[in-house]
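Presented below are the structures under discussion, each in the form of structure tokens.
In the two assemblies presented below, subunit A is common to both, partnered first by subunit B and then by subunit C.
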Partner chain A sequence: MFGRKRKIKTSDPLVRKLMDIVGESEVLFEKEDLVAYECDGYTMYKGMPRAVVFVHDTQEVSDVVKCLNEAEVPYIARGAGTGLSGGATPLGGEVIISLVRMKRMLHLDLENRKAVVEPGYINLKLTQSISDKGYYYAPDPSSQYACTIGGNVAENSGGAHCLKYGVTTNHILGLEVVLPSGEIVDIGVEGVPDLPGYDLLGLLTGSEGTLGIVTKVTVKVLKNPEGKKTVLAYYDDIDDASQAVSDIIAAGIIPAALEMMDQVAIEGVESAAYPVGHPRDIAAFLLIEVDGIEAGIDDQIEEILTVCKQNNVREVKVAKDEAERALWWANRKMGFGAMGAISPDYLVQDGVIPRTRLPEVLAEIREISRKYNLRIANIFHAGDGNLHPLILYDASVPGESERASKAGSECLKVCADVGGSITGEHGVGIEKSAEMRFIFTDEELEAQTNIREVFNPQDLLNPGKLFPQPGRCVEVKRANQDEVQLV
Partner chain B sequence: MIQSGTESILPKEQIIEVDEPDHLLGNGGVQIMEAYSEEDISKVLTYAYENEKTVNVISGGTKRGFGGETEKADILLSLKHYTGIVEHSAGDLTMTVRPGTTLKEIDEELAKSGQFVALDTPWPELATIGGIISANDSGPKRLLYGSARDLVIGLRIVYADGRVIRTGGKVVKNVAGYDMNKLFIGAMGTLGVISEITIKLRPLPKFEGLSLIHFPEGSESEIRNFAVSLLDSMMEPVTLELLSPSLAETLTGKNSHTLAIAFEDRQKAVLEQEKWIKENLPANVVHTVIHQEQAQKWWEDFRHIGPNGHNDDNIDAHTMAALKIGSNNLDVLVNLQTAERLAETHHVTIEGHGGLGHGISRIFVKGQPEDIVQFITEFREKVEQRFGYVVCTHLPFRLRETVQVWGEKPAYFALLEGIKATNDAKRILNRNRYIGGI
Partner chain C sequence: MNVGEKERETVNLVSMLENKGPACETKTLGNYLWDDLPDPDKWADCVHCGMCLEACPTYQETGEEQHSPRGRVYLIKAVAEGKIDINEAFAKPVFDCLDCRACETACPADVQVGGLIEEARGQIRQAMPLTGVKGVVSKTVLNGIFPNKKRLDRLGGFMRFYQKSGLQKVARKTGVLNVMPSHMKEMEAILPEVGKPVLGRYPEEVPAEGESKGKVGMLTGCVMDVMFSDVNEATIRVLNHNGYDVGLPKQQGCCGALHIHAGDRETGKELAKKNIEAFKDYDKVLVNAAGCGCALQEYDELFRNDPEMLPLAEEFSAKVEDVSKFLYDNDFKRPESEINTKITYHDACHLAHGQGVRFEPRQLLKEIPGVEMVDLPDADRCCGSAGIYNLTHPEMAGKLLDRKIDDIPENVEMISMGNPGCMLQIAMGVEKHGRSEKVVHTVQLLDWAYEKDKQQVKS
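Coming up: the complex of A and B.
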């Protein structure tokens, strides 16, 4: 007893209460332990949590939530922390409820094509655990080796293959959720479709952890396609590549994936862990994958090759085997991380545009790059119009972080102005909350925050995210400056 | 009284006083107000909200028998004249359309560009896109193409107080803010009136085929095993729909449990999959395959079964009901058989079908009103034992008072009520049309 008490050097009575629920070893409260939770994958803003609590089952989540409600302390649910918009980043003083220890698969029913997992279950592990039977889980964010299904639900994550198969929301059949009141609700965990009543599954998916904490997830699993072929096409002119994208869709082909990278992005991936040997002097490449019934694929590949050639492709080739295909994808999926090889820091953006507007949007992004004197790489889920401009900067150069942030915001404005969106799969979080005004009026934002109030009336669950906050911009800038000085 | 001041809302030729007897399906209005624009919708709702007038919403009328405990609201807002495609961006595979446009009109227009809306819902020449979305209607092809929640990417909604709110956007991938679109899909117009829909499209299939497999009586395990083996193969059926013997007789002339398996792809891929079916057929089944126009015609007939809001009969013994059943995929077979058995003991006739790969079944019931009520009550009990639910998508008005259209309220009903109160605090929109009296 004495020994244990000596270990716990906290005068925070809340920490003691949380330890009573989850056990002493399951609460972090010392500064050096909390540093790792200052931010998620979006590193431009950092805030210190009050404590981190590791929960092990639904009841613990409920008990912790009730305890925090009583103390009126704000809290955030967190998975692997791979989010790219600051959704799991504290503004300061929140308790982080970490769901990483709730990582079991609870039920697998292949006949009915569904699996029930806990929120801390890792995305890729789901596919790996059923692949021997020929099944997989479709949403494949680039962080899939680390990110959790619970986090995917919160962010409504996408991935390279969602052009044909849809994003997370299209694959969620049921949820168990702990509401901000601490109440545990079962919203179709059995996985029966079209449950009577408003579509709470659809509303909760992508609500960025502001409406409830997901404790069980029922997902749809799919059978592997019979065949798959992958094409790589090199272009000297980015407009030709863009036109090829539109022409492929217009030909009535829905590829499983249709990705584009521009010259700066190629420079990055070729300098990183999985170089393919892409020519450095091309303007862009397209990575196109078609899957489905084997007998129908060759015709589609022929059509794609024809379209590519009609649009002045320099070189186009079909992956000769699985090893080559895997290398092309590893190279592509390294895209964001690879920027580290050519720039000290980078900021990822996530705009969406009607795919037919690609050439003009890319021209405007080039203009933004010139204006701020920052290089911008473009990695693009071209098939569904989801653009990831990567703004390269050096945080140690005074003022460059702010310039990068402004350039990112301007890229989103361009997307919004052509009828697009400010985020396709990374979420709003802290990063883009001000930019929500690019696409929604105050009334429309209020319609959404009113819904939040139904679930989260005290706004203790992940406060300050997703919606514009008066004065937030100033706060973010200050945080950046502090960071820069520290560095 | 009610009329006073209504001329300032809409021109008088857009307001019709209803002096006909009560409609068999209810959900009418003392006055019909016809909207020709979003502004009209907004004006009507602003007036209704300020004056606490109740409003029912209608366009094609195919879902008039779906929910609702109000014979007549103060106003029946009709959207059937608010029609037309606002924008079709073929290169983006998206379309923006007004709610009163019928699915048939939409698909005829889109076909010119080789595209379509992937919703194979019934009565396409009558049912409007706004009604289909509001009722979350779907057909067998949802197995591969998904349902409304997978296709709708943006909406314009006129809220109960007349405000116009946009949800979602015009791009196919979008996670900015809450996915508010989802709230309005299947909400039966209780949260707002949909005034514009942006929806994802698909290219028309290059080739289509339909395999019909008729099973002899007593083949339950063969049907199940065959469905499981097909689902476990790498084939990509667009439908795996099981028809009751009675429905199979109507559509194919053969009175036996029948699987309707559609393939839509490149011709080579369709033929290859049909070859798989042939090679894996169970013993003693009758197998027919049709292609292209013949297959299209078959599905066209399929979309013209069951009640449509205009084909009810006033004779008691011909009373019609329609049920939507949600269940685990493979329980579709069990539920269909339960329905067949109960139909016999309750002296009603049924036609039914359900998707063994998607878990939604439809059952059309005919008979005396009291028998139908008994049938539904017992059938629901059985379905619920296997975690499923039964929703009555069509019932005459007076039966809706005795049968719970939506079943029991869920444990989280307070959230649904809270959402309703947020969007329509005075409860003027489609009052009592939805689950738990929302």
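Coming up: the complex of A and C.
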């Protein structure tokens, strides 16, 4: 103790082999250490890994992958573990390859507006490191303080500002990937925006760590917008707020961000670390931001204020300075974590719906909340119809986890039924693999698993995720649900 | 292997607490079997979101989940759920925490990671008492010296002798120091010119200059009073100059922070009781050492499981305030004389993260005429001092210190802060990196400015 390394005592020959590749101190294998890797940001399912290996460069990743292939041991890539669908959670017995120590920026080329980073590079650090030069990296998931660019690529992450700027895939120029065979490949040619042939970049981005391990990422960086203004609008009726969202877009404005939070969510953020002083009795608020060239901004703001007022807004205001704007955003971006202040656990869902169906879907979610007797908070990207119902529950109350899980599934069903999707940005992972059936037929699913087989023929890389394959995942999930029912 | 193990199959903590031993004194919680159990409510707040990861210095350095706030909370909970035992592998991440509280600032759910870690350490120390060399060191340093004013003074006296007698020079020349571990050597190089402690030398009450605005109690601290008695002297002068009578009750003692951090909550409680008693006649207890201030403010936390002491502790904790915040909030006298110097300010963890005091000390400095403030990047990242962490974990502490010194802007003359541990640590870094910045306490600068004012009045 006291900072010194403990003696290595392991009887697992695989751990020994991995240590030969990466070094003794770079492999975790003791239960007390591994238990911290039982799950990611999604805490409903847990599984123990066999070991955690820290890799430092592409060659090591390749060597480790080859070693695991030979031993026929399944493995998972892991970034910061902030994923919300269990993508980095072991089903049990996998080796976790942690990419957090590959966190260098390798190259910055502002003239051509791009940067090359290792996969463990933290999302927000990228913007921080270039902001003084007038640039930023657009995809801004709320977890950007902690999540890695590699994880963002794997999940094709979005963020509040993706309404105008698009999600991760719109900002990736090239990838270096270690395939499950151990082969190192480059995808995308730097400087060439659209190559002939299949869009492999698009395929890899959002593949949830099932097709290869990303070891290098070339991203676009953007020039800071000239101006930026932010509006906060309080509503007594959630339907009015929803209508305002549709009307803003219909007016031809594309805000950089258009976010909504409902009453339960407001209770959470106001009880947590960054209270703004939102009235507790409103039904919802909208947080709207426009950016771009200075000249057009005030007109857009005027128009937004008008639309808000037409929709019976209680109060609407423009951030008076950067400090106020920053507080509003901190309050919003810390929203998920803030639920800890009002509930021991939460399950966040990630459905997408056509914007115009917002009022009816929110009403159905309220109905689900009543049916399962669980509170549901909504914090979401209203502008692109990406809902995040947060189902609040207490896992220490027998049966509540299971109810939460069912309520979550029903929320997704509602989204699928109105012509939407079961995930906007958090991925499918373990959590929603069964729900894939809500939107895909068996044939469609098979077509996709066929692609996976081409890349990942032995199914050792992140097995049991993403698809309701016959085999491990669904059964595991079902088995688990059965277990829960017994409690 | 636990295939997709489900969280709640384990234990229902609440009912477990209720079922076990309502009649007997000792309750247990999973594999926590000793008195003064950790608080399940604290980990219940954690939603495993990971927003704290990058704020944590030990995670930044290692990238290992169990060395992150989220990981530590998770492990502590896992012991309560009976998933893992209290053993060395569990103790390491829990003891490798710097107790810097950066995670608490970052956490959206206000999880009290620091308090939880201290509680877990209490359990570990009861489960696995320190033995061998470590036990001896811990006993002599923590229990033998810190709580014992006389011994600490004597140590100070010895150091004074060591410095004054020329022995220090001899030691440095002869290379006797080379046999010391390198971090001890670095420490030796920067030992401040030790003055004489304030407590005992000053009267129990030092009257205000001019008309009195009221009486405040002051914690003299142990390290502060021995190693930095000049800072204590400056603090008293500054408070007197601002119109306060300063009370220095003789019965006060060590705050107990180091013991609590080390898991020795029993000694911590004894010391706390002494201080609560010593300051019972004061409405305000001012502290110039952030670490001590934070500990005093958390006495209520320490007595969480002691219904008798709890109200007293709560009342006491509410009286405690950092001296910089007190001065700022009470419209401190603006100095008029110029101190022409460029300064940067380092946020002591236990001031910024522990007490939320960031703005006030900076403002005190800014309002001294002639002071030019230069921002320190990541000013609130731990310097590695963290109580006695730099003695117990020299490697991690050294890395953090190097980063801190690298961040210090090139052109400043002074580095100001509000904690003696940081002052020693950063002074060590300045020396080690061959730099020349002077390390000062925030109130010292104010004191110098006031002294200049007084001289000008005289002349």
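Here, the second predicted complex is superposed on the first by the 460 of 487 C-alpha atoms of A that agree within 3 Å, B and C clash if a C-alpha of one lies under 4 Å from a C-alpha of the other, contacts with A are read in each partner's own complex, and residues count from 1 in each chain.
Criterion: contacts are C-beta pairs under 8 Å (C-beta built on N, C-alpha and C of every residue); 3 or more make two chains touch, one makes a residue touch a chain.
The structure presented is a predicted model; accordingly, all values stated were derived computationally and were not measured.
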item	value
Which superposed partner A:L445 touches (first subunit B, second subunit C, both, neither)	first
Broader residue contact with subunit A after superposition on the shared chain, subunit B or subunit C	B
Partner chain(s) touched by A:D57 [first = subunit B, second = subunit C, both, neither]	neither
Contacts of A:L200 with subunit B and subunit C, given as first, second, both or neither	first
Touched partner set for A:D239, first subunit B, second subunit C, both or neither	neither
Which of subunit B and subunit C A:K223 touches, first, second, both or neither	first
Set intersection of subunit A contacts, subunit C complex versus subunit B complex	none
Residue ranges of subunit A in contact with subunit C within the complex	1-3, 6, 28, 30-33, 35-41, 43-48, 50, 52, 54, 80-82, 91-93, 98, 100-101, 103, 120, 122, 124, 143, 145-147, 272-274, 334-341, 344-346, 395-396, 398, 401, 430, 476-477, 479-480, 483-484, 487
Subunit A residues within the subunit B interface of the complex	109-113, 134, 155-156, 158, 162, 166-167, 169-170, 179, 185-187, 190-203, 205-207, 211, 223-226, 246, 249-250, 252-254, 292-297, 299-300, 352-356, 381, 384-386, 419-428, 432, 436, 439-441, 443-445, 447-448, 450-455, 466-467
Touching residues on subunit B, where the partner in the complex is subunit A	89-94, 114, 136, 138, 146-147, 149-150, 159, 163, 165-167, 169-183, 185-187, 191, 202-204, 206, 228, 231-236, 265-266, 268-273, 324, 326-330, 357-360, 387-389, 391, 406-407, 410-413, 415-416, 418-419, 422-423, 435
Subunit C - residues contacting subunit A, complex	1-9, 12-14, 44-55, 63-66, 68, 70-71, 74-75, 78, 83-85, 87-93, 95-96, 106-111, 134, 392-396
